[in-house]
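Order of writing sets the chain letters: A, B, C, D and E. Residues in each chain are counted from 1.
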Amino acid sequence: MAAATAGPGSLLPALTVFLVAFPLLAGVVLLFTTAPSVRNVIVVGASTVVALASVAAAVAFGNGADVFYGLPGDASPQTAIFIAEVAIALFVIGIGLHYRRFLAPALALAQLAIAIWLQVGGHEPAPDPSRLFWFDRLAMVLVLIVGIIGPLICIHALGYMRDYQRSYPLIRGRRTAFFFLLFLFLSSMFGLVLSNDLPLMLVFWEITTLCSFLLIGYTRTPETIGYAFRALNMNLLGGLGFSIAIVLLSGRPGGLDLARLTAQPAGAVLLPAIALLALAGLTKSAQMPFSSWLIGAMYAPTPTSALLHSSTMVKAGVFLLLRLAPAMAGTEVGTLVAFVGLLTFLFVSLVAVTEQNTKKVLAYSTIANLGLIAGCAGIATPQTVWVGVMIVVFHAVAKSLLFLVVGTLENRLYTKDMEHFDGLLSRMRRVSILALTGIAGMFVAPFGIVIAKWSAIRAFIEVPGWEGAACLLIMAFGSALTIFYWGKMLLKVLSTRAVDPGERALEERVSGFEWFSETAHAAGVVGVAALVGVISERVVGPYALGAFHAAPRTFLDVSPAMLVVLLASVLFLPALGFWAWRRRDYDQADFYASGRQAGADRVVGAALGGTREITLRNYYLEGVVDGGLVFRVGTAVCALVLAAMVVVPAVVRA
Amino acid sequence: MKRTIVPLGPQHPVLPEPLVLDLVLEDERVVDAVPTIGYIHRGLEAMVEKVEYTEMGFVAERICGICSFMHGMGFCASIEDIMGVEVPERARWLRLVWAELSRIQSHLLWLGLGSDAFGFENLFMHCWRMREEILDIFEATTGGRIIFSVNRIGGVKRDIADSELAGIAERLRALGERFAEIARVFRADPSIHHRLAGVGVLPAGEALAAGAVGPMARASGLATDTRLLGTHGYDRLDFEPVVEAGGDCLARVLVRLREVEQSIDLIRQLVDRMPKGDGQPIETRVRGLPDGETFMRLEQPRGEVVYYLKANGTKYLERFRARTPTFANIPAMISLVRGHDLADVPNIILTIDPCISCTER
Amino acid sequence: MSGLAGAVLFVVLAPVAGGLLVGADRVVTARMQGRVGPPLLQPFYDVGKLLEKEARQVNPVAEPLLLGHLAFMALTGALVLGGVDLLFTVFVFALAALCLVLAAGSVASPFSHAGAERELIVLLATEPFFILMLAAVCKVTGASTFAGVLASPVAVAEELPGVLLAFLFVATVKLRKSPFDIAASHHPHQELVSGLTSDMSGRLLAYVHLAHWYETALLAVFVVLFFNRSVPLGLAVFLLAYAVEILVDNSTSRAKWELVLRSSWAVTLLFSGGNVLAVFLLGR
Amino acid sequence: MDGERFLARVAAYRADGWRLSVINTTAVLPSDELPQGAFDISWSFALGTRLEHLRERVVPGEEVPSVSPSFPSAFLYENEMRELFGVDVTGIAVDLRGQLYRTATRVPFSPGAIRRRLEATGRLGDGARHAAKPQPRPTTEAGA
Amino acid sequence: MSFFRRSPWILHYDGSSCNGCDIEVLACLTPLYDVERFGVVNTGNPKHADILLVTGSVNERNVEIVENLYRQMPDPKVVVAVGACACSGGIFARAYNVQGGIDRVVPVDVYVPGCAARPERIIDGVVQGIAALEGKRAAMAAGRRRGALRPQSGSQPAGAA
């Protein structure tokens, strides 16, 4: 695990600086670019560069041993970190006072106090300048996600924001700031996933918090400002936990070195600190009881949602949890983190079946998947960590695609209500095929997430005691709920109906930026499904082996024939669909309607004369599941588990 | 908010007859129901303009193929009332035998259809199997299974021999024993209670306001039974109207179950009390033309029917009107549908035992 | 390669066995209703007829999805017998069911749509059980494939009596037998007309029947998992259970969807959940 | 007819616990006294074994108030009166807008329609003679 | 060999019948007559049916329903008119709202007389219907062999292409 100073890895310090600095620079330029055509050029150009740089970093890493490195010239970032922390705190305090919301400033003040105590009081050991950054397979996975999906979202936003401003002319166009924030987000995410030094990571951590705060509040309506502050408060709370963890760890030699911290055998580390770091991870990944901030974030322009859900922000949370997994293995903290995650998975899936707003369904699905990842991180066996990383990958591509598609639909149909998407396959064929790809990626066998879920169940079987049984029960019910809400969405997308040319033209006005981005995403969904074996064997499997010194039993070990059968069957339905599409011998007006079909698609003779259009609505389990109540109960239950997680280690060790 | 529209009927397998409801649903909860009928309307009341009053009874019988006997009987009784015809004693008794047999037949038929609507096919089959025995009696005594044409103005066309009547009473006694088994299923089966208990509750006050009649009203605790008038010879029989308090679909089933038992008992009473002796007169010869009007009430299986006849001294009646029980029960039924589940709709519709053919005429 | 042979055998024989079982079901049902009933081979006549008849299509997606339903249903059984990881087959099984839901729900008819939604609820009601069941079987035997379970010295039914009981309940739901025939009834007098299949005709309907036969056979295979020590015993138990299903089918009315969902979940949670918890706590 | 007094009498029946048993309309053919013809309408109320009738004669075009304030369930009768007879009923609780039966013959029981049919069958003489006869006006009648 | 002979599925529609014939049609399914012996199923859905049994006459309003249902049945299909009303309008032929027998709307293959038609007669009518069905199937198969298009069942799709 020696720091590599020679070989291809030697490019990594420069690339790291580039990945952090270049998007930041591009963002600043965009902040001052008002001409749309210039902006288009800059965004496309910068996105391409970022994507290439991230691929270059992965190539430079070369899938070898873990690499630790510092800044070029071994510069110490300690002062810069302190300045950044003070600036962030002051910004939060200022904006909080401006909007007369005082919780956020209070939390920022507390963090500021800790930072001053650590830095000015000299309680924080100076970081090892050669171990500031840590590039390993997990970091590589996240760099690729952030560096490929993030830029694609930025490109999509070019088309989306143009239509968005047209749809909502009353919202002041501040597209300059919007694009600045997108790129700032990417910059800080690169920093975050590559940091090995905890104080350094905290700075990037807080920048992502701020970015999401500003993006959620983009429209500056009282409603979105409220949601923005909710996100800020919750994430600052997590940040505060992170700070306190730093305080607890700073007394130990090398305690702030993430790689060393997690490489220690489980139980040897300071569990309360691990618990606090896990708390930070849970807030950022919007696990219950902190889920409401991510739901509120749905009111932001859709690229924000795509970014928050796929490649940034929430992924930072589970990234930290996965990093901590070895340290949590077999501890009370691990078990409790697992149950926060799994219970969130269950409760949120239950809420999702009652939700009609497509973006919110997607959001609940994100929280559920993150819950599963958190659960896997908490159980912390090689298998479960393998599952967790696999879900990170598959979820990022598919969910980003889905958000972008919903964004496109929203700008064409002026609604996010799932119920108004019916007949989509006839109305907007390309968009529906993209949507189908995304939904299939999320839950249809044999796409990646299903493979991951199956592996999770396999892994949970091995978990001894009541915990194993509980995990299995949660998986069983949660998976069924997942099928229910995705199935409903598929029903809407797959329904056909007669359309007039005006409706057909809707699709033609979708911008090229959006087509490009969504198509690339769809190719990504299919690509990662096809490459599932490679991803598992070359990247995720070795990572789990490295982290746990034990190889995960992946699906390839269990049943290699399965993969062949499945990949073949993936092609089955599209092929059939294509064959059917070319046929013309169907008659949509010929639907069964008690003998009252009235010669047109979806029209029947009405009871009181004339005709009437048939409308169809999905079931939302009204009278069986009260979504709001489930959400509150879940929040309360998870809050209790979380409280136990923070308190128990302190008590047990005392 | 978007809702599901379900065009229920006119062709729908749980509706034996065309009835149309446009249901508006959330999940499966009915939030609105727009009714209409008119798919069976023939305009048979206007046929009095073309059909002589002596023949009109055959049209009246075909108002409905389930209570056809009762319709023929009601029509003849109305003319007899207008013309002041005294019907022979034997004919009065015989009419009641057939009338109560018709009630048993109708209720068995309905119990079958009702069970089919809530998905209990087996029960449907067994109910209809029993019903065939009643049809056998009809066939033996009148020659018809559905339409008997045995009523005439002034009496009945055929007699039933005393020995045959005793045989009928005996067959019914045996039937009653087998019916008890089926009745036990209806009364005790938890899956039936799941579907019927508490569904479509019509409180007594609403039943009264809505003008509900027959088993529908009696299941809501109203002791209305036109047989209590004592007309048509019912004054010679001992019975109490069957009343249930529940007001729900289950209560409506229970009322009909008990009415089958009651009718079996009534036929036993009829056979016991009827003056014995074959060869008694069964028909009074009627002369002249009717002139005048009457309101005639009769308790059909589905409840009170009201005939209004107006004659003007010619062969052709001036007005013939049958207000059938379903016509009176439909408004209450429609008000019940709202707020229930789609799956409850067939039960609510069927537990009024709708006869759309009667309603539309 | 016994796995491949098993898979081929399932694909070929399952529809025959399933069709015969459905035919026997109709005869026995008729006898219970005091009727003579159709010939034993009636289901085959019906499907043959449907294949000869014109198929009226109301949209372009129903047929591929129905073919998908049939193919994935057959594939599920083939995968199980072919030696693929048991837990994975449950996802293909769900995919097969989902294809049917989508085929029915893509149609404009409200009856078909309501049938699709109800089938989705059936899926929601039964899916947790199948995941739990296969996980529990794998847990107690330590095996992950059909052959592995059969080879295991552990008598599964003895270890998992609660799961077996729950299976009998859930199978009723899955077979669309009364009282759980909410999505599409064998009997025509349903409030949803023909529910799921309201808008399918000709060969499209034939696919649904065939897939149902495969599904029935698949459930038989699942029962064998419980009686892994003796396959004939497992099949005998399945036939016995099917006879009980017929009896239940004939002595209950149709439940409402809320009850189907609630009762299936309760049974899954109490019987199989309790059983699984016991297995984990007793530490096999 | 005096709508208010009529409705008050209907309300009294309702208050006393009567149920609406039937509303019946009979068309009166056009004659010298009634060139447009007329409608004899009777509202029958039942309580226990008793049956009482309110009867009105209205001419076509004359408004007949709906009894729905007291008996909302009268809507079927009243829609039928309007659709089959052409009686101008106002304020029906559930107005089916002439879509209850949707008959081939418009208002088949209107005096005019009946007369046309009788003319076609050559039986007009009999009907007209009797329509002109003075009507017996039973207002209360026990039993049937 | 054809399976139509062994599996005729029925759709029953009540035109403006008095219930008499309807009930007799239903009675055919029940234990005494049990037409399922011959593979007959009462489907309740035109899309599944081979034989349309209509009871009662057509009137102003149900004429379009009968036509709709007939059109919705896939080929081959036959129509059996059950009872006097369905055959000719029966006793109600002279009523003002009755248009006559159902052959005014759809082609009738078998007429079953009676008021009400007896179950034995209905079964006989269905058996005759099966023969007609077999004839139509053979014609259809011959047409297909000759390479002719299948009978076009509806208009071209309005959209969705």
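The rule we apply is simple: a residue touches a chain if its C-beta (ideal position, glycine included) is under 8 Å from a C-beta of that chain, and two chains touch if they have at least 3 such contacts.
Given the structure is predicted, the values throughout are model-derived calculations rather than measurements.
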item	value
Shortest chain-hopping distance from chain A out to chain B	1
Set of chains whose contacts include both chain C and chain A	B, E
Chain at maximum distance from chain D, centres defined as averaged CA atoms	A
Contact pairs, highest-scoring chain pair	A-C
Core chain by centroid distance, with centroids computed from Cα atoms only	C
Chain D and chain E: spacing of chain centres that average the CA atoms, whole Å	40
Chain B and chain C, separation of their C-alpha mean positions in angstrom	43
Whole-Å gap separating chain B and chain E, where each centre is the average of the chain's CA atoms	29
Separation of chain A from chain E, taking each centre as the mean of its C-alpha atoms, in whole Å	59
Where chain B touches two or more other chains at once, by residue number	4-5, 7, 10-13, 28, 36, 38, 41, 43, 46, 50, 124-126, 129, 360
Chain E residues counted as touching two or more neighbouring chains	13, 30-31, 42-47, 59-61, 65, 69, 72, 96-97, 150, 153-154, 160
Interface hub residues of chain C, defined as touching at least two other chains	33-35, 56, 59-60, 110-111, 113, 188-189, 193, 198-199
Pairs of chains found to touch, sorted by chain label	A-B, A-C, A-D, A-E, B-C, B-D, B-E, C-E, D-E
Residue ranges of chain B in contact with chain E within the complex	10-13, 16-18, 38-44, 46-47, 50-51, 58-59, 62-66, 68, 109, 112, 124-126, 128-129, 132, 145-147, 355, 357, 360
Complex contact set, residues of chain C against chain A	56-61, 63-65, 67-68, 71-72, 75, 79, 82-85, 87-88, 91-92, 94-95, 98-99, 101-102, 105-113, 116-117, 120-121, 123-129, 131-132, 135, 138-139, 144-145, 193, 198-199, 258, 261-262, 265, 268-269, 273, 276-277, 279-281, 283
Chain A residues within the chain D interface of the complex	607-609
Chain C-touching residues of chain A, taken from the complex the two chains share	353, 425, 444-446, 450, 453-454, 457-458, 460-461, 464-466, 468-470, 472-473, 475-477, 479-481, 483-484, 487-488, 490-491, 494-497, 555, 558-559, 561-562, 565, 569, 572-573, 576-577, 579-581, 583, 585-588, 590-594, 601-602, 614, 616, 618-619, 621, 623-624
Footprint of chain D on chain E - complex, ascending	59-61, 96-97, 99
